[in-house]
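Before anything else, here is the set of structures, which you'll find just below.
Look at the two complexes coming up: subunit A is in both, with subunit B in one and subunit C in the other.
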Partner chain A sequence: MADRTLAPAHPLASRRTTLTALSDELTGVLSLELENPVAAVDLRVDPRGDGPAAVAAAVGGPLPARPDSWTALPAGVALRLGPDEWLLTDAVARAEDWEFHVDEAAAAHGGTAVDVSAQRTTLRVRGPAARELLSSGCAIDLRPASFPHGRCAQTLLGQAAVLLVAHEIDDLQLLVRTSFAGYVADWLVDAATEFRPGFRPGFRPEPQPQPGLRPQPSRGTP
Partner chain B sequence: MSRIDGYGRVDRTRTVTITVDGVPYTGHPGDTVASVLLAHDTRPHNTSVKYGRPRGIGAAWTEDPTGLVQVEEPFPEPMLLAATLEATDGLVVRGVNGQGRLSEVPDLARYDRRHHHCDVLVVGAGPAGLTAARAAARAGQDVVLVDDRPSAGGTLTGTETIDGRPSLAFVDDVVAELAAHPQVTHLQRTTAFGHFDDGFVLALERRARGASRQRVHRIRAARVVVAAGAIERPIVIEDGDRPGVLLASAARDLLHRHGVLAGREVVVFTSDDAAYAAAVDLADAGASVRVVDARERAPRAGRRRCEERGIPVETGTLVHGTRGEDHVTAALVGEERREVRCDLLLLSGGWNPTAHLFGHVGGRLAYDPALGAFRPAAPLPGVDVVGAANGTFALTDVLREAGGDDAPWAPAEEDPEPTLVLWRTAGDPSRQFVDVQRDATVADIARAVRAGMHSVEHVKRYTTIGTAHDQGKTSGIIASGITAELLGVPIGELGTTTFRPPYTPVAFAALAGRERGDLFDPVRTTPLHAWHVAADAVFEDVGQWKRARHYPRAGEDMTAAVLRECAAVRTSVGIMDASTLGKIDVRGPDAAVFLDRLYTNMISSLKVGRVRYGVMCGNDGMVVDDGTVLRLADDRFLVTTTTGNAAAVLDRMEEWLQTEWTDLRVRLTSVTDQWSILAVAGPRSRDVVGAVFPDVDTSNDFGFMTWRDTTLGGVPVRLARISFSGELAYEVSVSSWYAPAVWERLLAAGGPHGITPYGTETMHVLRAEKGYPIIGQDTDGTVSPHDLGMAWAVSSTKPDFIGRRSFARAENRNPLRKQLVSLLPTDATTKLPEGSQIVGFCDGGRLPPPPVPMLGHVTSSYHSAELARPFALALVKGGRDRLGEVVHVPVDGELVPARIGASVLVDPEGARRDG
Partner chain C sequence: MHLIACPWCGPREETEFSYGGQAHVPYPEHPASLTDEQWAHFVFFRDNPKGPFAERWVHTVGCRRWFTAVRDTRTHRFLSVDPLAGTPGPTREAAP
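Right after this comes the complex of A and B.
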């Protein structure tokens, strides 16, 4: 038994069908995709010392010099979350190896890296309506000139803390803590109502909950 | 019918039908309920709130102090203005007798929100706003332009000339130019209703298109241009509240926007030039008009135009009142109160700049005697007030103020006559209505002044003037003026009441937006949520989390399910999702020092590989949180917090690190969502854990309060011997990616032992049987570790920790403090309600007369499977010195005796924890 591989579960597996259906319906306007989980560490190191450079050498790419911005790594990204805090991801490494690897580089400079791979999950928001959708629940300035490629921000979407990552004008990533991910997915689906054809102004019933949007209780053996 | 051909911007090719007070009326797209009714020479069946006087429509937009209607269809809404309510097919409204009625059915429409950032926000799309927006757009700035009416143009009627063309052609040109700018967002039907610091403006859009009915725009602008125009001021006359009395500007607006002539026989009473335009326009549209000007001299141009049309102009004359029953039939003109027949009396006493948005952010207004009005006194950074909102009324000046060198041009008025400030004419003050909606009169102001009030703010609250839906748009300044007269002080010294948001009423539904129903508050779930749902768990809310409370089987209620789950844990094995526990990774050379200062007990002496229970207090020495501390390495700890307190504890830790203990080299990382914790508890838990993790030595070499790392299928797993039930128990921690898979493995391995999933309610019972407190349930912020019987968890050797000093306070050493004890009802059947008071003195089975001596209260109460009886935990004064005593708890009028006992009821020796 113990030698059988454990299957990972996507925190938003229950929303996958809904998001796919919505993206199909809104082709050319908006798409909401689940991204595959990646290894991630929260790096804390003094930005004034040699720590950032040492970590950069170890991970094979520069760390972003200014807060609220990101740079590409060979198999992931480095997001600067605060003066002495970065989130480093890697799509290839095992989570525990990635923590060990980054931590080893940071430790010599008084830094630490903590595995947070399963702390967040990532949604990809694409399409001409992407920024408008987010601006219905995010207060920061999302104008392309203010939030261009290379920027990221920790902010609120609806009432949940999210980490927004700007790729292109019509391409953004949204990282959210897994316990809030269901709420955020439901929030996005609701906000996308604005872009769905067939909705008329004025007084209308709320759209009924759709299958898959929320797990429905069923009677039966677990 | 008073619809006049050749006038108005409604779409006459189409009709809409609305129903008012049960009668259907036809109108056109672009009409309001008010314009439809006036087109049919009628009004809503309204009566006033206090005196039941008939009330009609007093203005053509938001300033109307009367003319409220109750909407019935499509959705019931109280107290909307007929003058602002767009006429749409199927709309059903009725008049309001003073008060509206809230809907009894849910509002099914969507309301949502949109955030904007821009260089310039222009409020108002009249000549000033359009000119300012065009200038900003041409300069390449991001512009948001909002205007509360359905179409742009403001007070322009089409009779004016701008840049040598009809004014509405100018409006169309600018609107088209703005539409072509990709950086301009132009929103009509959008009312900027609040202005806050740093260029933050809230605006409500009544949407014509889109999925939502209304939308709150939250706009952050580097510069705010207030071009909100001005509101005409009436003159208070006796019986001036009668239907058929309107603002002069309203009659003009109705004619030019809607093609509606509000009356056939018109008396215009004015002390200002603008009313002449109304007189001329109404005469041109076919009305018989007479002007009564309070001033000694009429303006030259106005008088000439009136003469051309045969409009009589009487100067130096006042209107003192009206006659009529349900509608005005005559104006009382001159000191002799001569009856002049009319079906429409227009009032015009000058203009009040709409400087509300300037006032919201602290802008000061000063009285300008030349205008007879308050206008912005000194500029505010980032805020420009232009046009009529700034007290600039002549069109040519308005355009220049808004557009600078690039401004369009309009011809100047020749020889204007100064406005005469006239708040009221002579008459019976008890019939001179100042706030028509509130039925508040000059007599009410006089009463306030006689009562000693000399501040307009006090007069406002005493008389209620300016507190209705319109917030005194027409009555506020007049009330100041009349108060000043009565007090004998200049109005400039007296000032006005404060402008506060919202400018116009905003529905709570709009403010709530999508934050209702499932999206009211974030629902946090664990990686095992889908499993809990499929297993028919009943959930409870713990903070924002959904936690499985119990798993009822067919026919079970909560009591039965919890008894079964408890018995399974005490006799075999149960499994619980404890993933909601807060988890914080604490690292750094000073991590042990840091935790020593945070917890009441010693953490630094903990060896790597071991676990310790820790208690956290506030500065006052009262318990705020508890949890376990795992020492992962010399410089690394993993601490858990209670589910509801995780964020607060992390914030508190960061606060101490960042503000007080900046010398400590410690870094904190929240890993609450990273790690899932699956608790396996019960005498058979060793068998289950041993089967799933055969590499781990589960003998008692793996001791209580220690942890070990292992792997499962290559995935790192941490096992910890932590028990919140008193039974042999393991907490299995794994990356949340793998939590469902590991859970399934544990269930499979537990199958032969009848492994039973249990929820938070069962956990509560099991821990209560062991006397373990739940912070926030058995404590309320006034309970110290000593009160909980946990003096052992308070270090006497550490030099300092948060709360330590408070333990030396005399009150903290008071032997009569409430202490945590158990309570066993002596009848062995009554479950004491949580929160019940405990009384110590009983007189023949009855409560003694008040004040009843209160000893404490019940904090937790359950049925126990193990004890086969109900039991409770309670905080009782001096409880630990009263063990064995019987106290009484009033339950449903009866006094239930209960015996005080030590807090640990099950396995006080702790024999079960090692299995």
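Right after this comes the complex of A and C.
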């Protein structure tokens, strides 16, 4: 009998080969990597009370105080998504345990934590061309001076809502909703075309005549 | 590109926001006693001023928070943005 166990698959497993091939072709310029899924919870707690401090003590690291910023946790990151909303990740813990652990600390202060591990998937964009690539479809200022280490932003990349996380000048993380991940991966591959060796702006290859089709009669000048 | 200053996220492109219509439209105090005409006025009738207009906007792809903005309908210029009263959390300037 066939094994009916549901094996967890990366939401972008079908794009892995394409991304690896592109990164190999653009070695030293750009690299697009899929990151392994991590445990993530969405924390809602009133920032005016003791809730954030209690959660910070429980997860072993400070929660970011400023808007659009992130801090490092022992095995993950804490990203501020809104005035009373944070995203806390942990690469080691099981999702259920992580949710329970954060929720236990938050519940005492009227807060709540919900497991959102399956909500987003993560791409890592590295290389000297990383920021230029992203800025071709993103309206926020991604220059290192205004988007330095420690910043994050929820914004639009192409037509999809993404969460950008700045690690270093040439190292950014891109969190995207799983259902938009395929679109974003394809968009990135398309946008990276201009960094390929031999790219000529405005060049369109001549359409090849297809066998078996008669050439279309010329309609003359319109 | 038109920038709207979200009270939390700061200036962002207009396409990140969604419009929520006129602000400060109070729910009827005694809904059961309203006539059909009065209901219609509450549900469908809105001001359409030429000049400053208080509106609700939501930063859909950002922090997903609603806020009140006063916009000049002649120039499309935003005169002020304010977080909703009573919502948890500080503004961008007063973040703890």
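Definition applied: the second predicted complex is superposed on the first by the 197 of 222 C-alpha atoms of A that agree within 3 Å, B and C clash if a C-alpha of one lies under 4 Å from a C-alpha of the other, contacts with A are read in each partner's own complex, and residues count from 1 in each chain.
The rule we apply is simple: a contact is a pair of C-beta atoms (placed from the backbone, for glycine too) under 8 Å apart; a residue touches a chain by one contact, two chains touch by 3 or more.
In this text, all values refer to a predicted model and were calculated from it rather than measured experimentally.
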Contacts of A:156 with subunit B and subunit C, given as first, second, both or neither: second
Touching partner for A:81 - first (subunit B), second (subunit C), both, neither: second
Partner chain in contact with A:95 - subunit B first, subunit C second, else both or neither: first
First (subunit B), second (subunit C), both or neither touched by A:68: second
Partner chain in contact with A:20 - subunit B first, subunit C second, else both or neither: neither
Broader residue contact with subunit A after superposition on the shared chain, subunit B or subunit C: B
Which of subunit B and subunit C A:47 touches, first, second, both or neither: second
Which superposed partner A:137 touches (first subunit B, second subunit C, both, neither): first
Contacts on subunit A seen with subunit B and repeated with subunit C across the two complexes: 139-140
Complex interface listing, subunit C residues touching subunit A: 1, 8-10, 12-13, 15-16, 60-65, 83, 87-92, 95-96
Contacting residues of subunit B [partner subunit A, same complex]: 74-75, 88, 108-110, 112-117, 142, 207-213, 218, 220, 514-515, 517-519, 521-527, 529-531, 533-536, 545, 580, 585, 587-588, 665, 667, 669-675, 691-695, 712-716, 735-742, 745, 748-749, 757
Interfacial residue positions of subunit A with respect to subunit B in the complex: 1-9, 11, 13-14, 37, 42, 44, 95-96, 110, 112, 114-120, 132, 135-143, 146, 158-160, 177-180, 182-183, 186-187, 190-191, 193-194, 196, 199, 201-206, 209, 214-220, 222
Partner subunit C, residues of subunit A touching it in the complex: 46-48, 52, 65-68, 81-85, 139-140, 153-156, 161
